[in-house]
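Think of it as A, B, C and D in the order they're written, each chain with its own count starting at 1.
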Amino acid sequence: MASIIRYDSKPALKDPFFIEALPGIGNVGKVAGDFIADSVKAVKFASIYSEGLPPQVNLDEDSVIDMARNELWYGKVGDRDVIFLRGEFQGSTPEGQYYLAQDVMKELLKMDVRKIITLGGYGTGAMVDEPRVLGAVSDKRLKEDLSEYGVVFSPNDPQAGIIGAAGLLIGFGKIYGIDSVCLMGETSGFFVDHKSAKAIVDILMKMFDVKLDTKDLEEKAGQIDELTAKVKEAEDQDTHEDLSYIG
Amino acid sequence: MASIIRYDSKPALKDPFFIEALPGIGNVGKVAGDFIADSVKAVKFASIYSEGLPPQVNLDEDSVIDMARNELWYGKVGDRDVIFLRGEFQGSTPEGQYYLAQDVMKELLKMDVRKIITLGGYGTGAMVDEPRVLGAVSDKRLKEDLSEYGVVFSPNDPQAGIIGAAGLLIGFGKIYGIDSVCLMGETSGFFVDHKSAKAIVDILMKMFDVKLDTKDLEEKAGQIDELTAKVKEAEDQDTHEDLSYIG
Amino acid sequence: MASIIRYDSKPALKDPFFIEALPGIGNVGKVAGDFIADSVKAVKFASIYSEGLPPQVNLDEDSVIDMARNELWYGKVGDRDVIFLRGEFQGSTPEGQYYLAQDVMKELLKMDVRKIITLGGYGTGAMVDEPRVLGAVSDKRLKEDLSEYGVVFSPNDPQAGIIGAAGLLIGFGKIYGIDSVCLMGETSGFFVDHKSAKAIVDILMKMFDVKLDTKDLEEKAGQIDELTAKVKEAEDQDTHEDLSYIG
Amino acid sequence: MASIIRYDSKPALKDPFFIEALPGIGNVGKVAGDFIADSVKAVKFASIYSEGLPPQVNLDEDSVIDMARNELWYGKVGDRDVIFLRGEFQGSTPEGQYYLAQDVMKELLKMDVRKIITLGGYGTGAMVDEPRVLGAVSDKRLKEDLSEYGVVFSPNDPQAGIIGAAGLLIGFGKIYGIDSVCLMGETSGFFVDHKSAKAIVDILMKMFDVKLDTKDLEEKAGQIDELTAKVKEAEDQDTHEDLSYIG
């Protein structure tokens, strides 16, 4: 088992950080990471194909296909070179996820990555007014800075651990001695949650000491607020109502 | 994981095209590809065995067995050398499909294949009067010729992507820099659809600038017309009728 | 993926035949093959361990364990050296079955095996009075002798093909150019079917031109006859009765 | 497929024994093995990561993560160097379990392990007053000593064999010629069973000729006694009561 990795270019990066932004609960990590990448006009530089991804091609608006893949993008966030992992898919089996993360890690090691940041959602199963951002770290010493930026640390939480790429990449990061953190935005998980993603973006802007134009993201987060308000209203009227139809 | 590939002969092919014709929705791709291969009296030249195919042997009318396999055939369509991928099975797992497609691609690269054409059905879930042929391409520039031949391009369509060998082989084709197209005949998917296959054959005849005797195929397509008419009649009588018993 | 193969001894075999006798429908193949092996006082000479077999150990009457395995045994049937494949398990996944059969085949090739004979049941789903033995061959020329011994050849039958080790080993046999046959005893499949196994043993005794003491096997086959009679009686009394409780 | 094994240190061990203490039925093996390891102040010296383990990280009370792993610990039990296999997980697929056990075995062989002892529960599906410890061995000669220590040997028991790491590691032990035993404490399997674990610990103390402070374990075992008494009382009152809610 080995991924096929195709480089469009080999950017010369200095002490790069890494941000993982693949789909997951409420798509919080993907929305937040894609927002940062798009804001800094990141550029795709590599495609990763793997037997762990779904065996299919997808079509764009021109009917041009590409095989299900993960992508590496490069951009400068503030003064820092950043590598992004983006895509529409995660590995579809446990083994596929493991190998894919391992293959990504190998590329990151070649590029001498200095910090691994994975993004994800923390599913609450209930509407969230003000989503907090929970953190997990590869080393206790990393908590101080993150706490200052507003990240919340809750002992042994999430109890069930962190699954998928967001978990495996900080796991491998720790194994290979790279500072690694996971940021998880609280989300009901019922829909794509831009508000939770915005909470992560706020943390990341502090971490990279950069100010990005978040107007669009705020607008979409506002829609989440309206949705939350409606749901709460409905709940008040009928506490037995099943809300799972939303999303 | 590696397929066992047994060559009966090594045909000397000049700038060959490749046509994939394995089973799928409405068996449209298989019927169309098998028709072309049989019409040009294609010859089997290799068998591909793989752990991704079902672990079984099948028997012919003489009780002679052969292991579940995919086959490579060779024929001349018009002036063009063509390699066909034929068989009764696709890989039975996502990983199996991926490896099998990868192994086929390796053989095609050795034979210096110039174009990859995969055939399949586009399932509509409803009776189709005049099946269109939708297209997907590895490069926008390939659309012009195909459009002239009557292929329809619909943005981002199929939304769910193209799965199985028809998808993977154009995906790998693109990765390895080979012009690749997928032709998908619209089909209800309720039965083996010769009419949809005929629509693909019409496109292929234009593409290869060749006239084949399609009488048999038209006859079978006519039976599909009759079936469609009956179903529509039944629908008019009872719009609530469940048609899923057909096929 | 590779099996661990441990040889207790390396018997010097001359032009050996191979008989596969693993569990399957009605355990027909296992009962028949084990009977032949035991009758000729075959000796175990190798154990095959594989990740495709269940991940467990089993205990004997002395609480001594051994890992789930397949075994190679050696014996002389008439004038012929014969290798037996015996065991309590088949591979538990399609891929596991494929790799295990491939690894067995590699050992057989080293021992210069001359004929591959796999044994199995042909499930009818109904009580069988006089089980026939159906055959499948790697080459048409093998049918004449088998027909003389009483093997029945039915075109394209079984329609669903032959699955598991009985199928894969003749499939690999054909790929590697070794004469290969599968003998399938008809069986209801509701219970371990010694009568069907006896029918296979009768064929094998003719094939190897040997007379074995089948008294024990006939006794057990007699019990099957009694069971069949009872079931038929019950069926006459109540044609709607569900017989699936038997076994 | 290959595990990643990270050594924190390479302890110099003389003729070490090995104790497997992973989760399983009633967590009997894990509780017993962890108790011994903690009692002798064992030290972790290696981590084993594998695609066969769940693809996740878990968090400690400081929100510090580590990838799902198995661990090797070292301690002196009486006069004997002992290696412990500890962890929160077993392999999650049959293949994963097989490879993980094989990779552990390779490390044990490097450390010249002299005896393999795996611990587990023997599920009875009913409350157990005085749990016996059943044994399985790689060689009949090992039974005499174990019987003296109180281990019970019951022919062919457990009938279904021993699954998971407890089975595979003695299976591989036998293949590689190392004396191997499995100790199984009888347990209802309805809850974490410290009483059954205590029964194993008693055997192990005799085996290693060592006296450990088992007060804590006895206390917890006492709670099991109380639970058993309550369940029996409830059973007397209503013999039809379903007890599966316990645990």
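Note that a contact is a pair of C-beta atoms (placed from the backbone, for glycine too) under 8 Å apart; a residue touches a chain by one contact, two chains touch by 3 or more.
From a predicted model like this one, the values you see are computed outputs, not experimental measurements.
Taken together, subunit A and subunit D share no touching chain.
Between subunit B and subunit D, the least number of touching-chain steps is 2. Residues touching across the subunit B-subunit C interface largely differ between the two copies, under half of the numbers being common to both.
Superposition of subunit C on subunit D using C-alpha atoms only gives a rotation of 90 degrees, nearest 5.
Rounded to a whole number, the gap between the C-alpha centres of subunit A and subunit B is 38 angstrom. Averaging C-alpha coordinates per chain places the centre of subunit A 54 Å away from that of subunit C.
For subunit D, the set of residues that touch two or more other chains comprises 1. Within the complex formed with subunit D, the subunit A residues making contact are 1, 91, 94-95, 97-99, 101, 135-140, 143, 153-158, 160-164, 167-168, 170-172, 174-175, 180, 182. Looking at the complex, you find that subunit C touches subunit D at residues 1, 4, 6, 49, 51-52, 54-68, 92-93, 96.
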